[in-house]
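Note that the chains take the letters A, B, C and D in the order they are written out, and that residue 1 is the start of every chain.
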Amino acid sequence: MTNNTPVLEIQDLTVALPKGADRPFALEGLNLTVNSGEIVCLVGESGSGKSLSAGAVMRLLPEPDVHVAAGSIRFNGQDLLAISETEMKAIRGNRISMIFQEPMTALNPQKTVGWQIDEVLRLHMKGNRAARKAHAIEMLNRVHIPDPVSAYNAYPHQISGGQRQRVMIAMSLCLSPRLIIADEPTTALDVTTQLQILKLIRELQEQEGAGVLFITHDFGVVAEIADKVVVLRQGEMVEHGPAAEVLNSPQHPYTQALIASVPALTPPPAKPVSTMPVVLKGTGLNKTFAARGGLLSGKRKAVTAVKDLSFHLHKGETLGVVGESGSGKTTVSRIVTRLLEADSGAVEVDGTDLLACSPRELRAMRKEIQMVFQDPMASLNPRKRVVDLIAQGPIAHGEKPEKARARARDLLELVELSPSAATRFPHEFSGGQRQRIGIARALAMEPKVIVADEPVSALDVSVQAQVLKLLADLRDRMDLSLLFVTHDLRVAAQLCDRIIVMQKGEIVEQGETASVFADPKHEYTQNLLSSIPGRDWTPPTRNTDAA
Amino acid sequence: MKLRIPPIMIYALRRLIQAVPVIVLIMIGTFLLLKLAPGDTVDALVGDMGGADAEFIARLRAEYGLDQPVWVQLWRYMLKLATFDFGWSFVYEQPVATILLDRLGTTLLLMATSLSFAFTIGIALGAIAARRVNSATDNLISTLGLVFYATPSFFLSLMMMLLFSVKLGWLPVGGIKTIAGFYTGWDHVLDVARHLVMPTAALSLIYLSFYLRLMRASVIEVADLDYVRTARAKGAGEWRLMIHHIMRNALLPVITLLGLQFSTVLGGSVVVETIFTLPGLGQLAYQSVVQRDMNTLMGIIFLCSIIVVVVNFLTDLLYARLDSRIELA
Amino acid sequence: EEVKRGGTAVVHMISEQRILNPALRASTGVYNISGKIVEPLIDKSYDGYEPVLATDWSSSDDGLAITVKLREGVNWHDGEPFTCDDVAFTAIEMWKKLLNYSSALQASLESVDCTDPHTAVFNYSKPMPLDLFVAAMPDLGHPMPKHLYEGTDILKNEYNTAPVGTGPFKFVEYERGQYVLAVKNEDYWREGYPYLDRIVWRFIKDKSAAAAALEAGEVHESGFIGVSMADVERLSDDDRFDVGTDGYENNVAHSTVEFNHRNPILADVKVRQAMYHGLDIDYAIETIMRGFAKPGRGPVPSAGGANYTDDVPTYEYDPELAKTMLDEAGYPVTDSGYRFKLRHRPAPWGEYTQLWAEYYAQAMREIGIDVEILTNDAPGFLNGVYRDHDFDTANGWHQFRSDPAVSTMVWLRSGQPAGTPWSNQFGWQSDEMDQMIDDAASELDPEKRAEMYHEIQAKAMEELPVIFAIEHPFISVTSKKLKNHHNTPRWNSSSWYDLWLDD
Amino acid sequence: MTTLDTDLRPPQPPRLVVFWHRYRRNRAALLGLFLFAIVVLMALTAGLIEPGDPLRRAGPPLTPPFVDMATPLGTDQLGRDILAGIFYGARISLLIGVAATLISIAIGVVIGALSGYFGGWVDDLLMRITEAFQTIPNFVLLLTLVAILGSKIEWITLAIGLVSWTAPARMVRAEFMSLRGREFVDAARNLGVTNTSIIFKEILPNALPPIIVYASVIMALAILLESALAFLGLGDPNYASWGNMIGQGRAVLRTAWYCAAIPGIAIVLTVLSFSLLGEGLNDALNPRQKK
């Protein structure tokens, strides 16, 4: 399927950043070729310059702050950096098209789906209205949107996230472009949807024979879709080559480290903890978010987020809660910590029902069950110093401030941060370090149970691996019990002894991780497992001592 | 069992019901507040008359029911208000409803012209400035906006009057129409329009600068959003981006402000109406405070609340019309 | 010059009187409009009293009955004839019962008999000096049509805001806050009058706007100091305008300083005199009144005719003397830098009242008296001074209406209940003064009466219950297009039957 | 891997320095700061440069500017020195501006915080009250309050504060509504921190930047409101305020323009400085938004 006419040739591309940025060049000497009918994956950690390379090709960099300083970009042999803006406008959307990451925000909320697809056609095609509409509906059909005619008239907020991304794809493909640039098109989607979209892109690209520059940070996705891989690190290209080669025998140490950080899908053997006492027990939990016809918020149907849910957690055990977006995972974790009031049910921590506590008792009980949050930046008050953040809990529970602060410094060491970090503010740390602070804060209360809601999903893989390892270490050393919420089955496989699979607020399957993974009973679980990108690829194992 | 009431009616009804407690709160509050003020309307009347003897004053007070306890007065007033009876103005010797109706037209006209002028010019200038951020045009527009904002309206009014009426003789000094001009038809419209030019300008410039600044910020913000980038990647030109993608979204916060500002404009018109002798509600409100003309002031506040409720309702409709994400009901 | 007929005269009004019935509201603001529509029995001219609706008047020897002959052949604007019934009705129902100032004047009026349709006899229980009666008539003697008022609630009668009279102009419409319009009365009893077709009174509150309107030619006359003093001065140099104090001889006013004698410091006459010495009246007249005023000489102004005298004690500007007097009175300068502190309430009657208050505060500080000014709106001011007596000093102005008995004596006479504005609410009481005032009011012999007022004036200047600091007439700015203007001593309140416009 | 983790980023410059760097980028904001500094300086040095009472007679009335060196900017109708009035007026304007702003922000913060944080009926009640205040034209309310309280400067300031708290209240409420759902608030709740601490120690500091920016708007409006009051003759005559000066100067506008124009320009420049300052603060405190 690859014929060797290059569609896009990038040579020695250097993109300059404004003064005062963390580095002078976002990209330095990027070389890359996309042939027609070929999918080239651009991988790299956050901030490595992936999006800017896409922007440079489209000539949509936020100039003059960020601009191309050197190099050339050729599209079908034509130098894109030399042509006029008018010519470039004619190429954009027509010959080169782009798919963005966030389907929520990439579509104009005030225009119908049809209007927005039609806009591309209107801009680049001379056809009458009826012909254009027919074409648009045909495209919606091709991206497998159910009922394309009604979707044509729908506003973006009236269709689901996956469908929106399909609309984006339809929009970018409707003029059969030679080059498609997809900037993390599936990152915001559920695994099952992600797989469908990836398949769709592959399928259409094969039909059209276009070249695709696919940007991602997920090696699973790379394994799923790539023909060629280019690895970026801090704006430098460290490795490139055919996908199979780079994935299975990476040459550069950075690539090796990255790939090694990808969690394997093979769960560890379960620990025999079932004899230990139960520390956390939920029975018959229910939560329905009432329909709210807010004044201007529009109609909202009542959502049953959690339905008759019961579970238990033994001392020293890690219980994973997995499921797709909206399945109620977060709601469970918030009910369990009573950040959200359940409609009914009981949550017993060491035998005391947390949900029945009076506000005063509750404050005392909070010591026992602590939480680690998803977004390490958002969960740390940006205006507090690290010591104060960590010492805050104990102080609120009556500990003497000096003592609490001294202990906070110890805890920093425990989570492998230098105590000199104590007087800094959260924004002075990297994402992984922030999450360690969050963990230290939870540990400062010496809780019996820690509830972690997607604690690593906002982190780059390498950092993710470190944080997971730390969590596992601490759990084992301090005999903690962990309720671990995640949508990432790879992560769940790494860490959890048992897992609960949720769908629409209900448990559809639960059991020891290994057995669920090996032999999923419920159709939904099967579906989830088979949607994991790159599930057939096992990252090559390697000694990680170098890192 | 399905009643076929259009959802917009239900929405309107609900808004109305929600407004009732607010309005009652306002009315009671204003009443009591005014009762706290030293002196009453009889004092003001006598002051205006140039004095009177004690008996005369006592008789007036009894006549106007001002010798009753405050709670009785309040209760009587609220009872009457419930039947939309605004009572009698002792200062104007007319039913309050008549006075208000007389004045309402002028005020609505002034507000409508000022706000629409401020709004259209404000958003146009704001959009232009935002599209040329930090250019000379932007600097000029922004500076202009700031100066409009910083110039007290009375100062501006006096200066304009000096220039356009006294020096150049282009525009009439004040009033709403040429008295004893007896114009009809288009001549009348033109006459009123000429009288409104300066008051409108004086009243609207500060709001113009509000809209300008908000629109500028809003456009800059929206222009950065993902879907604008999407449109750009589709090959859309700047003009198209502005019209189809940026404007409509950028307008939303400005519309919200428009609804919120209505009552402020009425307040601002006190000074402008006083200077230009426009027989509007703003000036009337000021006079009513100074003369302790309780019924009239209460009537104005009530009317004003109704106007604000209606305007907010309309801006909500407009908002909903512009923002497809919102469904009323 | 040949008289031109027709045209519309536009008059500026700074304040708006909603009631246009001069038999209910005695106020120049009312006469200014109603004077053209409703006529009094007697008016004042530079030659003395002039018959209008009355043709002749006389008093019985005991002063208990006054007979007034009425003009025949006069019709109300609605066509009904004007008769004695109208006078009798108005006198009893309005002048005696409802009209401010008049109700005190006519307190002893028993009845009005109509001996024939054009003769009215006013019967009093106490002697009424004919002079006083006549002097009061221009302001307090407007008959109203009985047939429109009888049997109605007079205070709420619709004709109160749409007056029907016998004057040269007929009321047409009243747009509140904007203007009042009147047109020529074709059926006027003075043959061949009026000259004008229309009169429009425009209400313009803002003085600068009013000045602009005058200059733009939109307004022909602004009376009662309707523009700021600076503009008065400026326009007096503009040859498009006549600026002057003619036509206000009947209505001068005093800028005052009023004391609260309940304050023991101010109860000391020495302190009050010292304060008077601390006021540079000439400077104030020059800066605040732009020279259009003269120093006050007590409760009767120089416009008061025979009742006025300048043979009274005066207080020259002498701050050093003032300081010495204060020291002597036992109020030396303390550590605070001041002798004592006064809370001063200025009347909110506009520019020069305000400036006068600020000048007063400035001047008092010079002699070591700290003055804090408390600004209020009108009801707040009236309440603070005249009801609650919550002040140390106050200032304002009070109008003199041709005769001391119906105007300035209320400043000195005690016994008015609290809450009566422009009366002696200063806590100053002198039985002697009260007696002098009462005697003068009922004295029938004009010469003796004048004598008595001279004594009152001298006593008031000596004891200074109130400082009548500046006597200022009102000022009009009139376009030279208006002819025959300001030709009577109460011109703005008069009927303007002979006014014409040279357009 | 532990080595990597303790490898902290180099310490960043203190917040104030960062703030100042961001602020400095906006030239107009620098101008605003400069003007503001001048006003503050005038207010502080009023007693030094222009000793004595600004209400005192300093020379012949209505001396034009630059004629008599004893009164460089001329004198007004009562012979008061305009320069002294401008200096002392800066004090009053700043005082009114700052105090009224503090009052309105304080009310706004309490109402907005309670309403945004607790939601539900508390929010309903407080918002109804806010709406009521918002519905009454604020200038009319101000006039009413001044009619009740009298024109003392303290009362005027209080009244201005009382009529301008609704906008900050709504703003604080919106901030609180968005912040109360943030994870760090949940984190604090999860630690057992009390509601009061959460409101004032966790959320409020984070909600402050837009409020600080808005404070400059209120400050400017407060000065304009005071001048409008003075224009209507309801200012406090015991102090030389710019509004009073314009209010009286306008009577002589045609003959002695400087009496009204000089304080008028002072107001324009001061209000301008506040808004420029506000924009600079906005750029510096909300770096998300481009200039």
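Just so it is clear, a residue touches a chain if its C-beta (ideal position, glycine included) is under 8 Å from a C-beta of that chain, and two chains touch if they have at least 3 such contacts.
Since the model is a prediction, treat every value here as computed from it, not as a measurement.
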Task: Contact-richer chain pair [A-B vs B-D] - done: B-D
Open item on the list: I'd like the Å distance between the centres of chain A and chain B, where a centre is the mean of that chain's Cα atoms.
Closed with: 49
Task: Centre distance in Å when chain B and chain D are each reduced to the mean of their C-alpha atoms - done: 24
TODO: Using mean C-alpha positions as chain centres, tell me how far chain B is from chain C in Å, no decimals.
DONE: 39
TODO: Give, as an integer number of Å, the spacing between the C-alpha centres of chain D and chain C.
DONE: 46
- [ ] Return the residues of chain C touching two or more other chains; collapse runs of consecutive numbers into ranges.
- [x] 208, 376-377, 379-380
Task: Sequence positions of chain A contacting 2 or more other chains - done: none
Open item on the list: Multi-chain contacts only, two chains or more: what residues does chain B have there?
Closed with: 37-38, 158, 162, 274, 289-290
TODO: By the touch definition up top, name every chain pair that qualifies.
DONE: A-B, A-D, B-C, B-D, C-D
TODO: State the interface residues of chain C toward chain D in the complex, per the touch definition above.
DONE: 207-208, 211, 228-231, 233-234, 287-288, 346, 348, 350-351, 354-355, 357-359, 361-362, 365-366, 372-377, 379-380
Open item on the list: For a test of understanding, state which residues of chain B touch chain A in their complex under the given definition.
Closed with: 225-227, 229-237, 240, 244-245, 248-249, 316, 319-320, 322-329
Open item on the list: Per the contact definition, I'd like the list of chain D residues that touch chain C in the complex.
Closed with: 53, 55-57, 61, 77-80, 147, 150-152, 233-238, 248, 250-256
Task: Residue ranges of chain B in contact with chain D within the complex - done: 21-23, 25-26, 29-30, 33-34, 36-38, 133-134, 139, 142, 146-147, 149-155, 158, 162, 217, 220-221, 224, 260, 263-268, 270-271, 274, 282, 285-286, 289-290, 297, 300-301, 304-305, 308-309
Open item on the list: Per the contact definition, I'd like the list of chain A residues that touch chain D in the complex.
Closed with: 334, 337, 339, 362-364, 366-367, 370-371, 373-375, 378-383, 392-393, 396-397, 416-418, 420-421, 424-425, 427-430, 432-433, 436, 438, 441, 445, 466, 469, 544, 547
